[in-house]
Structures are given as C-alpha cells and as structure tokens.
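Letters are used for the chains, namely A, B, C and D, taken in the order the chains are written, and counting of residues starts over at 1 for each.
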Amino acid sequence: MVLGGRYPSRQRPVGWTARSLMDLTLSAQELQFRNTVRGWLQANVPPPWTRPLRDSEAKREYFAYLRDWQRTLFDGGWAGISWPKEHGGRGVSIIEQSIFQEELALAQAPDRLGVIGEGLVGPTIIAVGTEAQKQRFLKPLLMGEHIWCQGFSEPDAGSDLAALGTKAVLDGDHYVVNGQKIWTSFGHVANWCLLVVRTDSAAPKHKGLTCLLVDMKSPGVVVRPLRMMTGDEESNELFFTDVCVPESNLLGQVNQGWGVAMTALDKERANLGTGLYLRYKRHLDSLLERAKTMRRAGRPITEDPIVRQKLAQSYLDLEVFRLNSLRTLSGMSHSNAPSPEGSILKLYWSEMNQRNAQLALEVLGLPGQSWDFDDGRWGYNYLRSRGNTIEAGTSEIQRNIIAQRVLGLPRSY
Amino acid sequence: MEFDLSKPQKLLRETARATLSRHFPLSRVREWMAIGATNEDSLWSTIADQGWVGLHLDNSIGGLGLGLVELTVVAEEMGRACMPGPYLATTWAATLLAQIDSPKSTELLPSITAGEHKATVALMDQDGDWDLKNIAMQLTPSEPGWKLTGRKTLVLDADSAHTLLCVVRQSSKLAIVFVPRKATGVSCEKKRSLDATRSLYDVAFNEVTIAESDVLAVGEQAHSAIEQSIRVATLAACAEMLGAMQWIHETTIEYAQTRKQFDRSIGSYQAVQHQCADIHLMTESARAATYYAAWALTSNAPDACKAIAIAKAYCSEVGREVGHRGVQVHGGIGFTWEHDMHLFLKRIKVCEFLFGDATWQREQIARLILK
Amino acid sequence: MEFDLSKPQKLLRETARATLSRHFPLSRVREWMAIGATNEDSLWSTIADQGWVGLHLDNSIGGLGLGLVELTVVAEEMGRACMPGPYLATTWAATLLAQIDSPKSTELLPSITAGEHKATVALMDQDGDWDLKNIAMQLTPSEPGWKLTGRKTLVLDADSAHTLLCVVRQSSKLAIVFVPRKATGVSCEKKRSLDATRSLYDVAFNEVTIAESDVLAVGEQAHSAIEQSIRVATLAACAEMLGAMQWIHETTIEYAQTRKQFDRSIGSYQAVQHQCADIHLMTESARAATYYAAWALTSNAPDACKAIAIAKAYCSEVGREVGHRGVQVHGGIGFTWEHDMHLFLKRIKVCEFLFGDATWQREQIARLILK
Amino acid sequence: MVLGGRYPSRQRPVGWTARSLMDLTLSAQELQFRNTVRGWLQANVPPPWTRPLRDSEAKREYFAYLRDWQRTLFDGGWAGISWPKEHGGRGVSIIEQSIFQEELALAQAPDRLGVIGEGLVGPTIIAVGTEAQKQRFLKPLLMGEHIWCQGFSEPDAGSDLAALGTKAVLDGDHYVVNGQKIWTSFGHVANWCLLVVRTDSAAPKHKGLTCLLVDMKSPGVVVRPLRMMTGDEESNELFFTDVCVPESNLLGQVNQGWGVAMTALDKERANLGTGLYLRYKRHLDSLLERAKTMRRAGRPITEDPIVRQKLAQSYLDLEVFRLNSLRTLSGMSHSNAPSPEGSILKLYWSEMNQRNAQLALEVLGLPGQSWDFDDGRWGYNYLRSRGNTIEAGTSEIQRNIIAQRVLGLPRSY
C-alpha cells in the first residue's frame, strides 16, 4: 500500500527511541477520510467488467457501464473531489485525493471515463472560463454526461506544441475550424473537446493560439481511431472540416491559448503516482505469483539466482517509485500546486515500467510473451511500455524540464 | 585479411534485397499477417526458386554449395524485409538432416532445397530450456519399432511443415526421430507469437508410431548434429536481428533528418544525435559479431562455438536497444500500428529469446572460458 | 503524512553541515589522507562533543535518544563532507552493544558515546560474505574460558578501536565476543582502501584468551542483535553515499552553469543537461529510499528489513552512476587528483560494497518477496 | 589473438563447403611479415622493467631504458614503420602495422616513448613541414633523441580546442609565446613540443591559430606534473613565459594552425585498436585466472551463476571490440586513411573498459579493490577507466562526430 496506517507499537528494540518527526503515517483525519471512502466504495463499486471488447456492441455496453459508474460517483459526492466545493467538488487535500485514488484501485473500481474532464478540462474552465461556461459545463462533466477529450497534438506538432496548424477563423459570431489533431484519447467516446487552434497566423508561434470548447457532434468533425503497436485502438485522430464553433465557446482570451493550454498540461502532469503505482504493483504481484508456478529445466524458476535478481530488481525499482511518489505528494501537500518536480516522477515511472516489462519477459522466457500465455499480458505490457517515454511529454522533454526548470541550467539550443 | 563481403557476396545481398522488396514489400507482409497466413505457398516457392533454401548445403543434395557467410547475407535480408515464412525453421531442419548420415537425409534434402518439402525441428520439452541435457521426452519400445508420447514447445512453423524432426531420448541417449506432420497422434497448437510474422507451436505427440528406420541418429552422432544445426540456426537468427536493426537504423536516421520540431530537424538535437550514434554503434557492432561468427563457423575456427554465443548474446541485447531507440526517436508515430517500426521490434523481440536469450548465452560463454 | 524532515531535524542538518565545514574542510581531510591519519583524535573528540556518537541511543547510556532519521541526517552530512574517522565503525559497534543485555554493554556504552572509547565489529571471515550463516570462526573451549583463533577481514578502523566486537561461533551458535584491541594474540593488518579516508583491516586472532564473561551474547540473541546492528550500519552507509551524491550534485550543476566551451556554458548542451537531470533523478530517488528506510526501521514498520535492502541496493547502483556522471560532466579536470571529485567517487565506491553490494542486496530482497 | 593465422583444414562438417570469400586469415605476405617481426623481437626485446618507480632516480633509469628501446627499434629498422621509406620509415600497410603492434604486445616489449612523435608529430611534419624541418626533426624523432609532446588543450579550451588563448607574437625573426597548456602527456620527459598558439586575436576563433615546434629547454618553459585520481602523474601542465621560438620553427602556414592541428588529431585517432585490445585482454585473462582461485562463502566464486554472467559479459564485450577493430582495420586497409568511423572504436572501447573495470570489482568483491590486492590493479583499473570517456575526445564529442560526420545529421546547436 502506498499510504500506510499506523504500525502497532511493538516492543521497540533496546537502545533507541523513535522520536523522529518525519512521519509517514496518516493523520487521524486522513485515516477517517480513508474509512469513509472505503465504506462508500464497498457499498457502491459495481462488479468488475469481465467480458472481452471484441465487437462494437460490447464496447457500447462497456461505455455505458463506465458512464454509470461516473454517475454513481457523482451522486455519492465523489466526482471531482479535489475541485472547490462551490464548483461541485469536495475540496479535499492532495493527500486525501491520493487516498481516494488508492482506495479506488484497491476496490478494483472501474476505470474513470472522465479523467481528462476532471483532471484537465474542468480545472482549466474553473481557472479561466466564463461564468456561463462554468454553469454550462462543470456539472454535466462531473455527472458523466459530458465526456471530454483534448485536441492538442498534431502530426507536425508533437513535442513542439506551439507549431500547430489547425486554423480557426472568426466568421460573425462563430469560429470556423479546419485541421487535424492526433493522439486524442477518448476521442471516440467524447462529446466535447478542448481544442487548441491557431487564430493568428501572422503572430509568433506561441502568440496566435486560442482554446475552443468544441461539441464533437458538430458537422464536419470526423474521428478516426488510431491503433497502437499493441493492437489496441487507444487513441484517435480528429479531422475538422469547416466546423462551426460559437464564439461563446472560446475558453480564455483569443490568442492567449498557449497559456491556457500550458495551464491545462500542468494540471495533467500533476499525476500523484498513486494509481500508477498500484497498477504496476498488480503487474508485479501477478508476475511473482506466476513465477512461483513455473519450472524450467527441472526446477522452479524462482530458485534460479539470476531470475531472483531480476524479480528483486523489479521490486526495488517499483518501491523506489512509490517512495518518490510519496515524497512528491508530501511536498505538494504543502504547496498545493504541481511543480516541475513532477517531471522526475514521469521520467522515473516511464523508464521503470520499461525496465520491468522487459525483465518480466526475461523471467518468463519465450513462452511467456505469447498472446496465449496469461491472455498475452506480458507481451502487451512490454509493447505498451514503449509508449511510456513518449506519451505525456517524452523523456527528452522531461530531462530538459528538470535541467532547466528544476536545476536552473540555461535553455538549451 | 578482408572483413567486408566479397564481390559475389555483395551481389547476393543486392539480389536478395531487390527480390524481397519487389515480391514482398511490407504492405504484403501486413496482408499475410492480417489473415494469419505466414506460410503462404507463393512466398515459399519464390524463396526456394532463388536457391536460398539450403544455399549452404552441398550441390549433391540440391544446395548451392555456398558458405555460412552467404547464408547470413540472405538471412539478414530476410530480417530487413521482416519476411514471414518457414525459412528459419527449414534452414534449421535441413542443416540438421545434412549432418546425419541416413537414407532419409538423402531422400528428403533434395525436395527440401527445391522448396517442395518443408521441415522443422521439435526440440524443447514443455518446461525445458535450450540445453540438450534437459531433453527428457522418451521413445518407448513398441515392437517392432517405437512409440512417442509427449509435448514439444516453441516449434517453429510446425503447422506448415511436412516433416518434424523430433529430438528425444532413447533411454539415456539423444535421438533424432523423423515424424511426418500428418502422422496419427501428432497435433499442433498455435501459440500466437508477439511477432505475428513468425509462427510458434506446441506439438503434442500421442502414442505416435515410429519405425526403426525413422530413428535417424542416436547418441553422439545425434548430439553433435543437433548442436551444429542449432549453431547454424542461431546464426540465422542473429542475421535476422541484424537485418531488422539495419532497417531501423536506416529508417530512424532518415526520420531524424527530415522530421522537424521547434523549427529544425530533430536530428539537430544532441539528444537525438546521441540516440542515433548509439543505434549506429550497436548495429555496426552487431554486424561485426554476426559476420565474424558466420566466418568462424564456416571456417572451423577454434573459437566458432564461442563466436556464435557471443553474437547471439550481443545481438539479443542491442537488437532490443536499437528497436527501443528507433521507437523513441520517432516519438508517437513510431508507437502506432500504422508505422512499420513495431514489425521489426517484434521480430527482434522473438529472436532475442529464440535459441536462448543473452543470459542463457552468457552462461554458455562462461562454460567455455571457465573450463 | 510528512516525508520531509521536521524542523528540529532540519536544524540538526544545518548544525552538522556548519560544524563539519568549519572544522573539517576538504583541505583538512586531504591533510589527514596524505599522512594516513584518518583516525585523528582531535577529529573524534569534535564529533563526540556534538553528541553524534550514539545519538540514536537512549539517554540512559549517554545517547541523545534520537531516532534513525536523525542518525541518517548526521551520516549524510558525514558523507557530504567526506569525513574520515571511525564514525561508521563506532556507530555499528555501539548499536550492537545496545542490543545486548550484558554488563559489558552498560559499562562500555557511556564511554563510547562520550567519545573516550572507540569500538568496531569484526564480522566477516576470510573468504566469507555478509551472510551470517557463513561465519565459521570458532571459539574453542579452554578452561576456564575460551580461546579464539582465526582471521577476520574488512574490519573498519580496527587499528584505532579500543574494543573489537568479534562475531564467531560457539559450536554451531553465533556468539558475540568482547576482545580488547590490545589483547595478546590480536594483530591488525591495514588493507589500503581505494578510499583513503576509510580504513579497512584484516584482524588476526592467535590463541586469544576469552573470559566467559566476555562472551556477550550467544545464539538467537546474538543473531538478532547482529542483524539489527547491520541494518543500522547499512543505513548509515546509504546515508554517507547519499551525502556524497549530494556533494557531486551541487558541484556538478554549478560547474555546468559556469564552465564555458564553444562560447556557451556547457550546461546549455542537451547532452550535459540530460546527464545533470539523471544525477538529480538518482540523487533524489536515493534520498527517498534512504530516508524511508530510516523511518521504517525507527518505526518498526513491517517492511523495514526490505526497505534497508532496497535503499542499499539502490544507493549502491546509483551512487556509482552519479559519481561517474559527475566526473564526465567535469571532463579532464574532474579526473585529476587536485579536484575533490575523486574523494567522493572513492567514498561511494567502498560504500557500494560495504554490507553487500547491489547484487547481494537483491538476493536479500528476493528472499523476502519469494517466501 | 587479433589477427589469426590460418586454421588447420580439419574435416569439414557434412553438408556445406566453405566458399566464403570474406576472409579473416592473413595473406602469405602478411604471415611472412609477422614471422619476420616475431623473430626480430625475440632477439631484441629487453627483459621487462620490474622495479617500482617511486623515486626520481628510478624514473630516470626507466626513461633511459625506454629510450634505449626506441634506439634499438630504430637500428633494427622498426621505428616509424608506417612512414614512407623516403622519410626513414618502412612503408608498411595498415594491416602490417597492426601486426607489428600485436607482436610488440605479445613479446611484452617495453612501452613506446615516442608514440606522440611517431604517431602524431612526425606524420604532420611529413605532411606540412618544410624540407629543413624534415631534415632536422624526423631522424632524431625515430632514433628516440627527440621525445615529443603536444601542447594543444588549455584549461579553458578542452573539447573546444579553437578557444585556446596561449599567444605568440612575432618579434623580428622569432615568436614570443605566453600562456598555459594542460593534459600534456610526456611533457616531463619531452625535449620538443608541437604547440598550438593564437597569432591573430582579431580573427574568428579557428582562423588565428598557428603551430610551432618548440624546444622544451627554451628559457621560460616550466613543466608541472599533473596528478590523476589514480595517484599517477600521467600528464603535465606547461607554462610559457616569454618563450622565444625561431620563425623557422613555424609548422605549416601562419594562422593556418587549426588545419594542421586537425590533421595531427586525425592521425592520433587512427588508433588501430590492436594494442588496446591486447592490453584489455591481459586484464581480463588475469581476472579469469584470479577468479578461479577465489572462494566466497564456501565455494569457488566461478561457480556462482551471477559471477559467471559478469565474467562472460566482460569477455563478450571485449570480443566485440576486437571484431569492431578488425573490421575497421579491414576498411582502412582499402582507404589507407583514418575515417570518422574511428569514433565508433573510441566510443566502444572507452565505455567497454568502464563497464568491465566495474564488473571486475563486482566479481572480486570489496577485498579486491584494495591497493594491497594484486598490487591494487583492480581499483586502479576502475579509476583509470573513468578517464577513458574523457581523454582523446569525450564520448559526447565522439557521438557528435558519429551523428554528423558518419550519419550526416545536421550540426547540432
């Protein structure tokens, strides 16, 4: 577990007393929060989804299942818990938010359909949206009626977001949008999109961008699923042809979209690590269990000293990630703000997961990478891990951020 | 002293590259992948027509009488084209047959090299490893011949093979047994491979009747024939990885030169340059290790066994790294299904483990250097 | 939940840093190094006067009654200052004594914490390792007490210690034996360490007479006392590595900011930036792992043993890497004797292996997770 | 061995014939060359130097020993063997040169005092020197009467050689030199120095440099030994205060020194790898022998599967270096010129030696890194290896060279 309770006060060893004030246990209030969450989840988490998602009918049903779950959360007061109360949230601390994530994972609750809405779009609307936008968008978002996606990256603007070329031209009281976006998660199920467009081609790159809130049912919006090397369609391309967006759906000021997008991305980077840790912990636990059942050349593979090294290395790597997450969480609980230190976590978990996905294949051997072994999860994890150092800011970008924004080295050329 | 390929060898390479890219562009490889038809007959006859099946075997048995450097040249191009099909399996089986002095070898080899007959080797026991001493599956006496019951795993292209050469024990001695794929009691179960262009099977043998004459070799002869054939097959796997690395190298450097971010080609960033430099270093080093191993094995150099283990260990480690860096330099697009990068990453990934991964090969090296 | 140091802990850190840099700047460390006087008395009394010797021990035995987080704070500053002297050895020995319920403990501890008496632990047999089960050196009966003959290796600061706590066997049981350094039959042989600020010895015991009352603990009590003391000493070694990483971090980032090549600060090169980013990632991760281990051990957390092994394995791997990258970013100047970098690289290098290197610690982790 | 003989034509395995024309054996001529070298070395190599070099008297004697060896080589016609015959060389091929290096190593011949003179200064004088300079310098160089050092790097001009600040001002028929050099190998024993100075401060960085041949006994030259982290004084700092250098000692054209220095450095980089390979092979062989004698926790360490992995990894890494060297040698034997591919070898061996020096310590454990274990060679090797990725062009510079000069990527910023 990431966030421990209190340990039983066993007999302390002779010789020292623990008067350390650095303290990794939860406060009484936090423990109470956890119990409340846990109790609610026990009563409300639906049975896990187990059916395969081979056809579109199954996918539709799965989507409804996830949307119902979001509605259940909303009704229980557990949607957008970190948002301010006046906007429908619960105003919990960052540590409580982390406890919530941890409990969701422990309860094997369904995935969250609204992560982009809750984590990125909503907070940005709260930060820079008009009163009317807040009224219109925040509640449906929390209820799961609006599913959001983000339209930032383009084929020719990946790491270099400011280079994007999707254009919007003001025509009376609406913008006309033309262009293409890529890497849009949830694009196939979203009904709204936070879109960054170029509104001034003459201005310097960063200065001519604007953010729009786009109804995905608008005529001229086409979504094409994007298949990854894993075989999953986990992302999408969006095509915009003469799409009309009312001027009232401008988010923030015109030509100030760069700042709005950066605000949004900073919120995205503020991943607390808890959910990720628990996901990878499940992978590792199941690897350990699997390894204990396997024999190679006449003996259990867990007796092979080299296999033992690899399993232990995976374990320690993941544990160091947990501790880094805890430490970042503790730091953020003071500042209550994301910081460039988040880049360290991103860099750490992405490269760790790549190392560990590889080690799992080495431990299991060639049979273990088949799609017919444990549902193919080990081969899948390996392939999926290769995207970790690219998505949400490549490792190169993260190292630049650490060097420049954390260590204060000069901008590189 | 000449480390580079000779003129005829270079010509062979050019021919192989041209033939494969004409007949089997990656679009066609993807078509086969999509329908799971990695052993398409048209593919195989084209390859056999070039004389590449058994090109390292004697003319007397239908081979081209070339050496292992030439085999490596062709296998490298197979890797660079991400070719599906039973080339590796059949090369291995043909090499094994060629090591065995039996009427069956003389009978089968000409039709194998002609592309009419496909064969594969069923080596590894369930829960086994690549070490021959861990092969336990037994031939049991059954007058007048033998019965075979058990399960072999990681058998390459078993489904399309006409012949399985099954490595088993006759009491304590290793034996190589000829089993027709369609024999009663043989059943193949496809294990969907990470690399969809390469088919791996579990093969179950249930009281399969084996005639005395189908036990092709026993004891020391069987042992050394299998070992030598594994060396050749391992070499071919290294060559495939090398070819895949070469494709990634070319594709990645070109992408780094042309893809622009922040108003300049990404290849002008030091971080990308250094990734590319590492891809180059590793690919070229893998080339040196692989071709040296080919030369050493074909020349009976005293360090040939070591050279094969070194090439496989090295290619297994750096092949993976080259694949990873290739994806990373490409960014998101390199992670998509649409981009061809993953075909090569997956080809490398399966080859990494085939015939023993780096850890396993290092143990083989340790045995040789710590004697 | 608070991962950061508390205010008093931060104050302790500031005090330690200020004291060490005032009294023991690196120039002074080098003077001691040059004459091989790593155990200078003036150094030791300054440290003891601060109350740092046994700061984690009960007030009743002269300690400050603080916890292991505080010990880690001080040991980190020792590493950051590359302090010579028997702090690690004496901390280990005092912790061991404090685990043992014996009159000797009560007698010795107050003078140890007062800095008057120095002690060390003689653990590892010649050709042994850090596993207690591989300790074989025997106490042999010799009426009325015992005799001790054998050789211990890697004994920290044996030469300046007044007391050796020797870990041996009484028939099959582990035993901790009190041996005065000057006892007849004890001889120390200095093994010049890669880290000239840290002294390691082989200690030979030749028919040394041991009174019954000097066998301080036997069997399970001895075993658990030694294990616990090794955990604390391992933690201190991690903290020293962390301090050394911290020094390298600060020094390297500053150099990258100020050193110019090709008309710009080298810190503006992406390759250098990425090295610095990695140094930062590794140092901060080592900090998280080390302080967590300190907290877990001081709080009796259920995963305390694992946390120590993880911290040591992690620090051992990345400490080295941070040192290497620090040298590399500095270029030639970082490779000279004149630059202080090598002092820290060497400190890390010896700590990497002390109490078991990463390979050894991983096996300990495996034992805990594969039960 | 790097360069093999021919293998006995054992019975070929049934099934294939070796008609490969790629051929790693030596030609008859090369074999004969090797026999000639071997025979001469057997008769002429002096007994190895075994005394420690603790005091200056011993160092003086060692220097005389090395100089005598150079004279012996010269007298036998084995000095500067790759030089053209008209300049006192033997004009051997690059493969023969490599054979020669290999035989020197196998015969445990003394180190070469004249590596900078023979490998770098001499070829540069041949390339751009005046007839008078050739007459004056080449023969004493080959005879070991002139020991050369190079004065290139400066404290503020390491990787960025063009930034150097040592100044030379023409005053009548001589230059007056002021400044400081660093990283000057052999500086303490050299009597001549190839010095790069700035003669035009107004010109762009690369354009105002000039090469001078400087007598180290000139008044105003001070040599200070530079101690490395190993404890060895393996390099030097040079200080120049109003040092007079006759104009006739100008090498090449004035203000064309950048090109001259680059020529010299390219020759330096053309290390054939043979000597290095054999040095590291000796290290590894002695590690293997050592490991076979050691026991830990009751069993030989060579039975520990993890130790076996590490030893095998070192072995294969070194072997891949050998093969890379062979391949580069083969390529150079066609072009007869060094190439940027040399950067691959440099990058490979430097990082390989660092990996292997570390693995040796892991295999031997803490006792093995003591200065009292095997004369401290394992700890020494580890420390020394850290310089490998810095000396003769850092790994960063080598990767830049590969990316830009081999792969054709654009110049980085």
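Keep in mind that, in the parts below, a residue touches a chain if its C-beta (ideal position, glycine included) is under 8 Å from a C-beta of that chain, and two chains touch if they have at least 3 such contacts.
This structure is a prediction, so every number in the text was calculated from the model and none was measured.
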| item | value |
| --- | --- |
| Farthest-lying chain, centroid of Cα atoms versus that of subunit A | D |
| Contact-richer chain pair [C-D vs B-D] | B-D |
| Intercentroid distance (Cα basis), subunit C paired with subunit B, Å | 51 |
| Mean-CA-position distance for subunit B and subunit A (Å) | 40 |
| Multi-chain contact sites of subunit A, meaning residues that touch two or more partners | 305-306, 309, 396, 399, 412-413 |
| Multi-chain contact sites of subunit C, meaning residues that touch two or more partners | 269-272, 274, 359 |
| Residue ranges of subunit D touching subunit C (in the complex, touch as defined) | 153, 155-160, 163, 182-183, 226-229, 231, 294-298, 306, 354, 358, 361-362, 365-367, 369-373, 376, 379, 382-383, 386-387, 389-391, 394-396, 399, 412 |
| Sites on subunit A touched by subunit C in the complex | 3-4, 7, 9-10, 12-27, 30, 95, 288, 291-292, 302, 305, 308-309, 311-313, 315-316, 319-320, 323-324, 326-327, 329-331, 333-334, 344, 347-348, 396, 398-400, 402-404, 406-413 |
| Partner subunit D, residues of subunit C touching it in the complex | 127-129, 131, 134, 153-154, 191-194, 200, 260-263, 269-272, 320, 324, 327-328, 331-339, 341-342, 345-346, 349-350, 353-354, 357, 359 |
| Sites on subunit B touched by subunit D in the complex | 1-9, 56-58, 61, 63, 65-70, 95, 98-99, 101, 228, 253, 256-257, 264-265, 267-270, 272-274, 276-278, 280-281, 284-285, 287-289, 291-292, 294-295, 298-302, 306-307, 309-310, 313-314, 359, 362-366, 369-370 |
| Residues of subunit D that touch subunit A when the two form their complex | 304-306, 309, 412-413 |
